[in-house]
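Below is one structure, written out as structure tokens; comments come after it.
Note that the chains take the letters A, B, C and D in the order they are written out, and that residue 1 is the start of every chain.
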Amino acid sequence: MLRVGVIGTGMIGEDHVRRLTSTLSGCRVSAVTDVDAERARAVADVAPGARVHDSGEDLVRDGEVDAVVVASWGATHEQYVLACLAAGKPVFCEKPLAPSAKECLRIVEAEAAIGRRMVQVGFMRRYDTAFAQLKRAVDAGTIGAPLLVHCAHRNASVPGHFVADMAITDSAVHEFDIVRWLLDDEIVAVRVLKPRANGHGRDVQDPLLILLETAGGVLIDVETSVNIQYGYDIRAEVVGESGTVELPQAGNVVVRQSGGVTALIAMDWRDRFRQAYDVELQAWVDAAAKGGATGPTSWDGYVATTISEAAVWSMGTGSRVPIKLEDRPVLYAVS
Amino acid sequence: MLRVGVIGTGMIGEDHVRRLTSTLSGCRVSAVTDVDAERARAVADVAPGARVHDSGEDLVRDGEVDAVVVASWGATHEQYVLACLAAGKPVFCEKPLAPSAKECLRIVEAEAAIGRRMVQVGFMRRYDTAFAQLKRAVDAGTIGAPLLVHCAHRNASVPGHFVADMAITDSAVHEFDIVRWLLDDEIVAVRVLKPRANGHGRDVQDPLLILLETAGGVLIDVETSVNIQYGYDIRAEVVGESGTVELPQAGNVVVRQSGGVTALIAMDWRDRFRQAYDVELQAWVDAAAKGGATGPTSWDGYVATTISEAAVWSMGTGSRVPIKLEDRPVLYAVS
Amino acid sequence: MLRVGVIGTGMIGEDHVRRLTSTLSGCRVSAVTDVDAERARAVADVAPGARVHDSGEDLVRDGEVDAVVVASWGATHEQYVLACLAAGKPVFCEKPLAPSAKECLRIVEAEAAIGRRMVQVGFMRRYDTAFAQLKRAVDAGTIGAPLLVHCAHRNASVPGHFVADMAITDSAVHEFDIVRWLLDDEIVAVRVLKPRANGHGRDVQDPLLILLETAGGVLIDVETSVNIQYGYDIRAEVVGESGTVELPQAGNVVVRQSGGVTALIAMDWRDRFRQAYDVELQAWVDAAAKGGATGPTSWDGYVATTISEAAVWSMGTGSRVPIKLEDRPVLYAVS
Amino acid sequence: MLRVGVIGTGMIGEDHVRRLTSTLSGCRVSAVTDVDAERARAVADVAPGARVHDSGEDLVRDGEVDAVVVASWGATHEQYVLACLAAGKPVFCEKPLAPSAKECLRIVEAEAAIGRRMVQVGFMRRYDTAFAQLKRAVDAGTIGAPLLVHCAHRNASVPGHFVADMAITDSAVHEFDIVRWLLDDEIVAVRVLKPRANGHGRDVQDPLLILLETAGGVLIDVETSVNIQYGYDIRAEVVGESGTVELPQAGNVVVRQSGGVTALIAMDWRDRFRQAYDVELQAWVDAAAKGGATGPTSWDGYVATTISEAAVWSMGTGSRVPIKLEDRPVLYAVS
């Protein structure tokens, strides 16, 4: 029975506490903490026997904590993940691994120095059934070699504190990771184009069209629309030499009503990926119980953030920005 | 240039006048008539040079009429079709060929006595691209031998004069014809089941579930819903030994809006089958120009009406009603 | 931590052992048994600490078994479920509850005598996301009052020991349960129609068209096809007064290839309902941990088997068979 | 009865001869010509009474020719269209209007000098039902102001003489025209990106990703894939402020077979747009019968070719190429 401590009990942290307590196998939440102590106490009530700590560092030190979920504000990720590594405790860190490539790199170096995987980054899409099918079809050669990928990442609306960069750092970062994984290929350049702005987006430049190039010559276009009103919708089509493979419409019931045949779409992203979050965290629990980690690595987290930084730069300048990565430690060598 | 006379200039008759005048090749409307003389005159204005007759018989006799479209009230079909046969003029008769099997049979006998095809019945679905593809797939053995057919025939609403029988005689009669044609098989029995009635249907028993059995052992279920509000929707799926083949959703644009992915559906049946009507009537024009007829025969019209009569009987009694057909004249032998 | 004993470690029993061990929260498998002792031992290896019993009765008596899953051959269900009730242990029994209504009734009576729910029957569809959405749409009045339901239950193929009745007792029994649940209405009659047989089915009469009538006047048609080759496919459309609501195509990726746009379909039913099985059994674990049961009741199991018996009778005779139920104990009163 | 002369009786020219002869209303083919005289004679046989001319100029002069269809090799378009204008005869010219903007401009100037429309350019998509629905939805404000358009133009394969430019000048030129029309907006810049090449394309750089910017700030991405094997597929999705609207899958039957639910796709572009070609040419016949023209103008043809030239330039250099247009004659003022 893995005893998990959860740092950060906001919306996603609370979801993970419930998941670890009531849904997953082989784990329980033994400790929580949050900058908002009252909120931490409220969430602790969901997890029988969970104690509340004053700080993430205290939680990491707790002898009844075998492994840690970091779901706090991005700016604090580095310190908590490094604390876990120092304590030799497996850690699941929500995406992005850290807001800057520099911070991510320090995590990579710390883990590489240990010499075995301790960190899993929360890119849950890799655990989604539909994305897994997409990868399987690509890997099986169903469509020949991949040449293009068309993606769209659409949110019905975003909260008031949303700023333009976040369409890259919070939204498109999922695409940055997933296309690397889908294609087993590395992104070498990015360019961000800005069409006319959506009137629902106040001052935010929305949508964006982000173009990625891979080392292997694949071109990827990613639409991010963060105020599109109609729902939360994730689309991806890989175009190959002899065909394409595409995510399905999220499989909801079909209503015939008022002049239309309508497949319902989720408004909330958590509904779309609920099962992926379960599978993702179960995979982490299973690996952490053996002292290690699986799935998206610190290196993946570092690369995704590096691409985000380049994309933010491109959004400002309009130019094509090449991606420069540090040398990849052998720990993260592609198998 | 085939000179066509049109008897009956109601909604469908007027459509045919426009089609013959402005859309089809090798024809023009030279004469029209209607019980409502004023309406006949108004419609004649659409067709340059068309004269208006006082009666269908006058129109048939007109030396400037080479061939006739009968689109008048069903009860008058027999007299006008027989007049055309007597005059040796090819005739296109809207479905049903006649309201009773007895009337249809007199047409069959008159045409059989002539010994060559002169009559085409207006079962336009046979000319619809999607139905043609359905038949092609069945005939090609794509799904193995057909075993079941599931059909639905849905109208958003029906006019105030609609009575329960018409869900059979006006709506399901299309399915009676099309499954015979799809399967190259004959209907041998019918049973009509009545679920709880739709509140939008006033006194009309709606919907119905109609079960057909063929000589070859295929079972067909047909839902007729004549007040289903949401649109005009025709569906059919043929279930075979190794798969199924199904009509597509009518191919309208797909709107993502307000929590749904919606394929628009026609409210009006004329939109759904507009192209089929064009192809159907062009086929008739081309055959009539050579003095003959093609497509659905008088015999097909007689059989469809016979099934309608049995179905109406079953609706009253709830029992399974076998279909008894007269001997098929050699003129209508299956090729 | 609920300690679960599993009786029957065939395909579905083994699935449940893995699920209880590696996927679900708050439970572990403490004991297993099977008529095939070797198989029981092999499956026990999947569940650390599980002991192997010689008989179901031994397992039920085991002090380290808090609750029981019955996944053995249907003919043994009654004895094991009654043993659990006698021992005061919550029990999850795979469908059907028992092969005959008489056996089911004895379980109902035994549970009713205890006066609180102890039994959950394995109708997993009620826990499927898409079926849940279907029910939510119907209950919300999205389509007005339901009038008709069209269902299809298709298996690619069935094993050699399959006999014709099993299309009813093993397959359509799922539809019998789910339409009662969807409509909150009771089945009052059934009729089974037999079309021409599928050549892939050897001597088995396949497919069937099963017609159900509810007390409220809803008509349901269920196609069962057990040798349809192309895949495992479950379809349902509820037709209401102003529209319809339909299960989605199982949400697999879409491949454009070789002249077609193809949504992949599962060949194996376990893939289609994998998540439903997880949710179903977690619900049981959570209720059993409190000493009770939730979801489909013994009464539901009894009714489903009663309808199966009537349907088998109708398949033999071709006649409409009314459903007669015993009085419903107050324990199972509709809330 | 409009007497039409057809210059060029290759594949598309022959199609038009058949269409004018057997499908459309109010016209017949009175003359044909082709560089391959034998082919011209063979095609003339399809059109009763059509004579064969030695040259396009002869055909234009023919007193029995009221209006002309130019379906010859692109390099000859200018001379034949100018000949028609000189003779005062309405002309339908297949796309592109001419291979270079300079040639197109001479046509524009000649027509503008006459002061009324005489030329219709063969951008048939504007007459396609689905594209018309797309425009109607955009114009109705269904999705708010348009911000992005995603297009794909895919051919199963291309003939041996195909060179890389043709993916722009022959394929994407349709998208250049249709997005201008859809958005009522002008293209101001183009950039062509080249991913890794499809192995099926021999030396041809295939696919391309073409980016267009409009005066109003809309960004359009167009994938051209000319060797994608699986079929002919045209896709377009307009992304607006509150939703999107998308072309349907071409509405073919759906086959359930071998592990998939497959909507069939045309291999041949003529199947996809057959009806659009009919409607397009009927519109021309109707306008030509009155001495004028409708639909896509010479100006539209000039603009499309100008964008093609810029795109070809960009393909060579990789840079963003601004579009510079001459002043628009008042004849082509937007109404």
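Basically, contacts are C-beta pairs under 8 Å (C-beta built on N, C-alpha and C of every residue); 3 or more make two chains touch, one makes a residue touch a chain.
In UniProt terms the chains read A, B, C, D = Inositol 2-dehydrogenase.
Not measured: the values here are computed from a predicted model.
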item	value
Chain at maximum distance from chain B, centres defined as averaged CA atoms	A
More contacts between chains, A-B or B-D	B-D
Chain A and chain D: spacing of chain centres that average the CA atoms, whole Å	44
Where chain B and chain D are represented by their mean Cα positions, the distance between them in whole Å	37
Separation of mean Cα positions, chain B and chain A [Å, integer]	57
Residues within chain A bordering two or more other chains	229-230, 242-244, 249, 255-258, 263-264
Residue ranges of chain B in contact with chain C within the complex	144-145, 147-148, 150, 152, 193, 195-200, 207, 209, 211, 216-219, 221, 223, 225, 227-230, 239, 241-244
Chain C-facing residues of chain D, complex	229-231, 233, 249, 255-265, 267
Residues of chain A that touch chain C when the two form their complex	21-26, 129-130, 133-134, 137, 142-143, 242-258, 263-264, 275, 282, 286
